[in-house]
Amino acid sequence: MPLEFRFRHPVPVRFKDIDIGGHAHHSHALVYFEEARWAYWREVVGRGRPEQVDYILADVRVRYHQRVLYPQTLDVGVRVSGVGRKTFDMVYEVLGEDGTRLVSGASVQVAYDYEAARSVRVSDELRRVLEAFDGPFA
Amino acid sequence: MPLEFRFRHPVPVRFKDIDIGGHAHHSHALVYFEEARWAYWREVVGRGRPEQVDYILADVRVRYHQRVLYPQTLDVGVRVSGVGRKTFDMVYEVLGEDGTRLVSGASVQVAYDYEAARSVRVSDELRRVLEAFDGPFA
Amino acid sequence: MPLEFRFRHPVPVRFKDIDIGGHAHHSHALVYFEEARWAYWREVVGRGRPEQVDYILADVRVRYHQRVLYPQTLDVGVRVSGVGRKTFDMVYEVLGEDGTRLVSGASVQVAYDYEAARSVRVSDELRRVLEAFDGPFA
Amino acid sequence: MPLEFRFRHPVPVRFKDIDIGGHAHHSHALVYFEEARWAYWREVVGRGRPEQVDYILADVRVRYHQRVLYPQTLDVGVRVSGVGRKTFDMVYEVLGEDGTRLVSGASVQVAYDYEAARSVRVSDELRRVLEAFDGPFA
């Protein structure tokens, strides 16, 4: 898991996220990651609307370190950690208001043409933007 | 609230529906209604796929009678209670596995052309189908 | 529906709220209301933690005026509109970032003792706080 | 990923699971896994009520193979693949109605005493039940 995130995004926990255990249901980790990923896509890549998404998720991994409690605003870090021919990797970290690391994770995205319904190469333009912001990649 | 429903649909409660109070979060009432409404649309009206929806919700009302607990399969009744020029009304009832009425409600739908992004008249075909199944309407 | 709200609370829409129609699923109206209601309870009433809740929902009503789109931060108004012996009423309004009214609604709460599992009288203390902030009530 | 599951559980997709892409939002994979895991806990282990849960999730992994569409009832396989001193591993497979593998995954659970708020050893009783049903473990 990486230690530094140039891009961070605040995500308020909602009461509805909380399950019978008194903490956010574990599936919400993916929602917190996602809000930060969308914000990255809007602010770094410049594609902000839901219909502009140009990738699909292929693989996610989540590690739960501490309980996510309500109410608080999470501080979610997201970073592109690698770009392949048709895929790119992202890593995440969710901090609580006191700075404790609550959740971390990683995802693999596949560049995707929704109209053609098939995977495509990561465009040179996208690769340049990601590399400029979070690169160089190994 | 009506007492009889010709159409009923089973909806299993999910663990994730349950909130810190140990019962389904109140917003799930609308999801239970919706599953029954979709089933009605598939089985009675004959339009079953999400992209075939031809109305929007304008108004909903929910009454909470008893807690919705997990695990169980709910028995959700849904009925069209009236058809107007551009709208139609539906009523709902959610029973628990022991037959107790847990939630009831009502909704108003507006016939809608998603491509044109505007409300439209309820088609004669739809009116006939609804009237034949749940009519006559007042 | 009332026109003025002394208490307002910001609620960011999440991507996951959006359904196949490209707008927030209608059940999220209740979640937006709820976030504002919890904030009211924390900031006005002074009870902020999920385990401090002392009421249950008996009845909700939602009116959908315009689609709720992503991304944006909603401005949710909430107000106590009346206090009875065992119940109190609240009304809500959800505005979009451009000030358009997207959703409005109302709810009835019953004062509840979770340990005893039964409804109770609205305490004089709570009545005074609500009346001082949002009263006088009719 | 294992190929055989002695325990399988049906999970109907809900309309609300579907996101703007027309398929279930990726976080629902964890909900489908969970419904099968709860059913396993009820039917194999004999602990069926939410307040009887005696573990926490430490780590999950999800692989997305095909889109999860609505409406359909998923066939979710779940298996305990290993038991450690304080943890146990589970693997999952989500099949569509036509038998296509849509999602697969794995999770690591930590045996947990909620009252004491700390991890505990997997009880001998639980180990025996899991081993008898899904063992022998490597």
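Just a few scattered comments:
The first chain written gets the first letter, and so on, giving A, B, C and D; residue counts start at 1 in each chain.
As a convention for this text, a contact is a pair of C-beta atoms (placed from the backbone, for glycine too) under 8 Å apart; a residue touches a chain by one contact, two chains touch by 3 or more.
These numbers come from a predicted model, not from an experiment.
Taking shared numbers over all numbers used, the chain A to chain B interface scores over half, which places it in the same class. Between B-C and B-D, more C-beta contact pairs are found at B-C. Using CA-based centroids throughout, the chain positioned farthest away from chain B is A.
Chain A and chain B, compared by their mean Cα positions, are separated by 35 Å.
A straight line joining the Cα centres of chain B and chain C is 23 Å long. If each chain is reduced to the centroid of its CA atoms, chain B and chain D end up 30 Å from each other. Chain contacts: chain D has residues 15-16, 18, 20, 22, 27, 31, 34, 50-51 touching two or more partner chains.
Touching chain C in their complex are the following residues of chain A: 11-12, 14-16, 18, 22, 31, 34-35, 38-39, 42, 48, 50-51, 70-71.
On the chain D side of its complex with chain A, the touching residues are 20-21, 26-28, 30-31, 34, 50-51, 53, 56-64, 114. Of all the residues in chain C, the ones that touch chain D in their complex are 15-16, 18-20, 22, 25, 27.
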